[in-house]
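You will see two complexes here that share chain A, one where it goes with chain B and one where it goes with chain C.
And then the complex of A and B:
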């Protein structure tokens, strides 16, 4: 019952936005809200089911974005012939070095181990750089203003969503393998680190993602507004809506995205609910609530943790790929931990950790607030500063700073929920 | 001569910057490690506490500059520092009263406190951006160099210049004084001893009549001072930007963990380990090798292991290696 009421209230927020501002705005927020809900679902799988503290959500989201570029952009033939094979050879060399180092570590001991591992890494690194550097320079020299990177595979963009999940899962496997056996704080710091590294790679490896030059014009799974406006049948059909063809086309495009995202979200909710209510889900919660007891019952805690960590990260990767598809561009410079990691955590905690629907509700609600705090804050600030003289320093400063109120508001909401309703709006049953 | 030149280049580009950066990290890590030892959680708001302290100091510095007060060759910020510390102390004590105290009484799990500190981080970050804005602020004044590169060249006749910035000198001196005072306090005073006792064994400390609220209060006061000093020194040395302080969280935590969480000595060691490896790995050794090797062997490339943008990867890699080999850190820390 509570679920229906709260979801109804959130729906009212979006409908209200539609009437007060515009339906276009409301749909824009709703589309991102759907994606946020999926991210929150992913974090909830890790934190709510298993109690894993992952604060590297940003990294997995960014990997999903990278997958969109790698799958859907057309390949740059010239760049491939300039250095494509060489760069792949270099990467293989790098991977071989790491594997060799790990194997050397396992097969030696004592002082010889340190020397041998160091030797393997040094030789491997030098070989890697001699292969890699010229190949990278060759690729980045190919028409740097418009390409300068390898491009993608030119496949349909929808395929990027599962691929994004796979990429994120791969990264999660590496992080989990190293950090999951350790204490929970250490996992947090390790994920924080890996997220920063992934962003650094996206920003700097121009041959892969064009770096801060951004990748524009990622193909869309839905029609373009301009094509709709030029199609006579579309204009004729929407003439009855009482809106200009521009607005009608924008809304149609957003509705199509909405449909696609809703399908993904509903499928994921269904799967998560099935998982949570299965023996597997009960085992997860048992491990979360008492690791020692679960281990005594013969459950492999570390392996289950790794499993759930990978699943949750994959969900975040899917959401990241969807977000980049919606934006139509990959901008590595815009990934910020406050927005892509900690905000998702606010969604999960506020919505109710351990409850899938709670996380989804938190995703919608917090995203709506995140967007709307700014106009609301501007209105509030307008009232506060009304008695002040126009052009006074304080008034100008306060009005300019309105955009920073959202961080403050999110912090206050998180603290209030933790204090007065620590189980969230929709508590776990 | 060439060897001397190489040595000077190394000092100029690696040793001096890394020492200053290491001192800043060490001060930040000391704050993290003290909170971990006494309050038993990883404080994610620490980076923003540093930013807040630096921000207040900057505002006071500007006011002083406006009023014509200065320290001569030293930056005015040093005069403003006590005000920054006082404001930060008020802020963290207030936060403790309003937020953390409740969970401490409840005996909440450490991970809950970590999430709470995430909320505090949001609020502090918003506060700092609200007051001073998200942009870059410079507030260093006074003499820029203790030794400038040109003077050094004239003095010694070497090809390589050695620049020693005032801010670097101040960083190192202030850090030494602060750390000495902290260790004197922890080892010699009654309050400091009670803090260490509380950190080692809470129940025993309570039994012997140590007032936990007092220990917690003193801890926050020290943390406020450490965070402000670290934040101001970093801001003087580089520049002040709220976002950068959020990113400092990773190297600061890495320092604390590498040294051994909860161990103050470890925090200092960890800070320098992280700083030196970051600077060494991201420095282009072309120049140094050019002096040392004969001309025929001189390197063509920059001989830079990683570009500077990957400095986070370095702190992270060291962190992972240390955790895998010695999970309690280089200097034995505690593992709860």
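And then the complex of A and C:
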């Protein structure tokens, strides 16, 4: 019951936005809200099901974004012929070095181990750089203003969503193998570390993702507004709505995205609910609530943690790919690991950790607030400062402070929810 | 060879900053089990404050640092009382979320008070010493000396004084410490005050060596945690060794491998340590 009421209230927020501001704005917020809800769902799978801290959400999201570029952008033929083969050879060399180092580590012992491993790494690194550097320079020299990178595979962009999930799952496997089974705090710091590494790679490896030059013009899964406006049948059909072709086309595009995202979200919620109520889900909660007892019952705690960590990260990766698809561009410079991770955690905590629907609710609600605090705050400050003289210092300062109010509001919401409903708006049953 | 030595010297200076940050984090973590993410931003606040006193009010540098330090001590007490004390007995996640929220808040306050311009604390130490080809700017030397002094003072405090003993007792076994008559209500206050004061010193050093800007604090605190894992959670010698190792590795990597990845080296080193020596370089298994 409570679930329906709260979801109804959030729906009212979006409908209200549609009437007061514009349906275009409302749909824009709703689309990002859907993506946030999926990210919150991913974090909830990790934290709510298994009690795992992941504060590197943005790293997995960024990998999803990279997947979009690698899958959907057309390949840069010139760059491939300039250095494509060489760069793949160099990467293979790098991978071989790592494997050789691991094997050396396993086969030797004592002081010889340290020396041997160090020697393997040094030789491998030098070889890697001699192969890699000229190849990279050749690729980055190909028309640097518009390409200068290898491009992608030119496949349909929707394919990028599962691929984003796979990439994130791969990264999660590495992190999990490293840090799971140690103290829980280690996982948190390791995830943050891997997020920083992923984002640094995206920012610096121009041949892969164009770095801070951004990749734009990523193909869309839905039609372009301008094509709709030029299509006679579309204009004819929408003429009855009483909206201009511009507005109608913008809203049609947003609704198409909305449909795609909603399908993914509903599928993920359905899967998560099924998983949570299956024997597997009960086992996960048993492990979360008492690791020692679960272990005594013969459950492999570390393996299950790894499993759930990979699943949750994959969901974040899918959301990341969807976000980049929606934006139509990849901007590695804008992924701020701590700030957005905080936002997603607020969604999970406010919504109710352990409850999938709660996380989704939190995703919609918090994203709506995050966007709307500024107009709401400006209105509020307008009322407060109304009696003050124009141009007074305090008035200017108060009006200016509106732009910093987002984080403050998040804090206040968090405090209120934790105070009055400590387990979130929709607590776990 | 001279070049390697030069990079090592540079690494020690920045390593000293990491040690100070990590010392603050490790005492808070070891005693209260809190991952105090706001530490970096609070440290930057101290740096900004010093900058403000020096440039706007024309205070001499040392006086400005002293005032910033006192403010830091009080700020630490306030943070403990207002932010972390209410969630002490709650679920672990609450303290964690409070820490993240506090980070955002302090970053916001920094932006609000000091703007988003990058600032450098002006100093008049411009001499450069030269030892057989290795150059050390005067400022860098002072930073290293000051860091060494603070680390020594911290060690003496924790090892030799009554309060230090109490802090170690609480870290080791909270219940036993209560039974022995240690006042566990005041210990966190002392710990946060000292930790924040150390952070302020680190902030001043960053501000005079490099620059303070929004976001620097967040980067610093993340590296501080990497240092903790490197050295071993909750260990003071671990923080010192970890910070210096990280600083030197970073400087060498920036000089000889790739300067673009300077800030990532910390995490690569951290992950290798997690793989091969999860208890940290100085930690007990």
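FYI, the second predicted complex is superposed on the first by the 420 of 429 C-alpha atoms of A that agree within 3 Å, B and C clash if a C-alpha of one lies under 4 Å from a C-alpha of the other, contacts with A are read in each partner's own complex, and residues count from 1 in each chain.
Here is the rule we use: a contact is a pair of C-beta atoms (placed from the backbone, for glycine too) under 8 Å apart; a residue touches a chain by one contact, two chains touch by 3 or more.
For clarity, every value in this text was computed on a predicted model and none was experimentally measured.
Enquirer: After the chain A overlay, clash or fit between chain B and chain C?
Expert: Aligned on chain A, chain B and chain C clash with each other.
Enquirer: State whether A:339 touches chain B only (first), chain C only (second), both chains, or neither.
Expert: It touches chain C, and chain B stays clear.
Enquirer: Contacts for A:194 in the overlay, against chain B (first) and chain C (second): which applies, first, second, both or neither?
Expert: Touch partners of A:194: chain B and chain C.
Enquirer: Between chain B (first) and chain C (second), which, if any, makes contact with A:112: first, second, both or neither?
Expert: A:112: touches no partner chain.
Enquirer: First (chain B), second (chain C), both or neither: which does A:133 touch?
Expert: In the superposition, A:133 contacts chain B only.
Enquirer: Residue overlap on chain A between the chain B contact set and the chain C contact set?
Expert: In chain A, residues 53, 178-179, 182-183, 185-186, 188-190, 192-194, 196-197, 200, 204, 336-338, 342, 345-346, 349, 401, 404, 407-408, 410-411, 414, 418, 422 are touched by chain B and also by chain C.
Enquirer: Applying the document's contact rule, which stretches of chain A touch chain C when the two form their complex?
Expert: Residues of chain A touching chain C: 47, 53, 55, 178-179, 182-183, 185-186, 188-190, 192-194, 196-197, 200-201, 204, 336-339, 341-342, 345-346, 349, 353, 401, 404, 407-408, 410-411, 414, 418, 422.
Enquirer: Could you pull out which chain A residues touch chain B in their complex?
Expert: Interface residues on the chain A side: 51, 53, 125, 133, 178-179, 182-186, 188-190, 192-194, 196-197, 200, 203-204, 336-338, 342, 345-346, 349, 400-401, 404-412, 414-415, 418-419, 422.
Enquirer: Considering the complex alone, what residue numbers of chain C touch chain A?
Expert: Residues in contact with chain A: 29, 35, 37, 90, 93-94, 96-97, 100-101, 103-105, 107-108, 111-112, 215, 218, 222, 225-226, 228-229, 233, 260-261, 263-264, 266-268, 270-271, 274-275, 278.
Enquirer: Residue numbers of chain B touching chain A in their complex, please.
Expert: Of all residues in chain B, those touching chain A are 42, 99, 102, 110-112, 114-116, 118-127, 129-131, 133-134, 243, 246-247, 249-250, 253-254, 257, 261, 301, 305, 307, 309-310, 312-313, 315-316, 319-320, 323-324, 327, 335-336.
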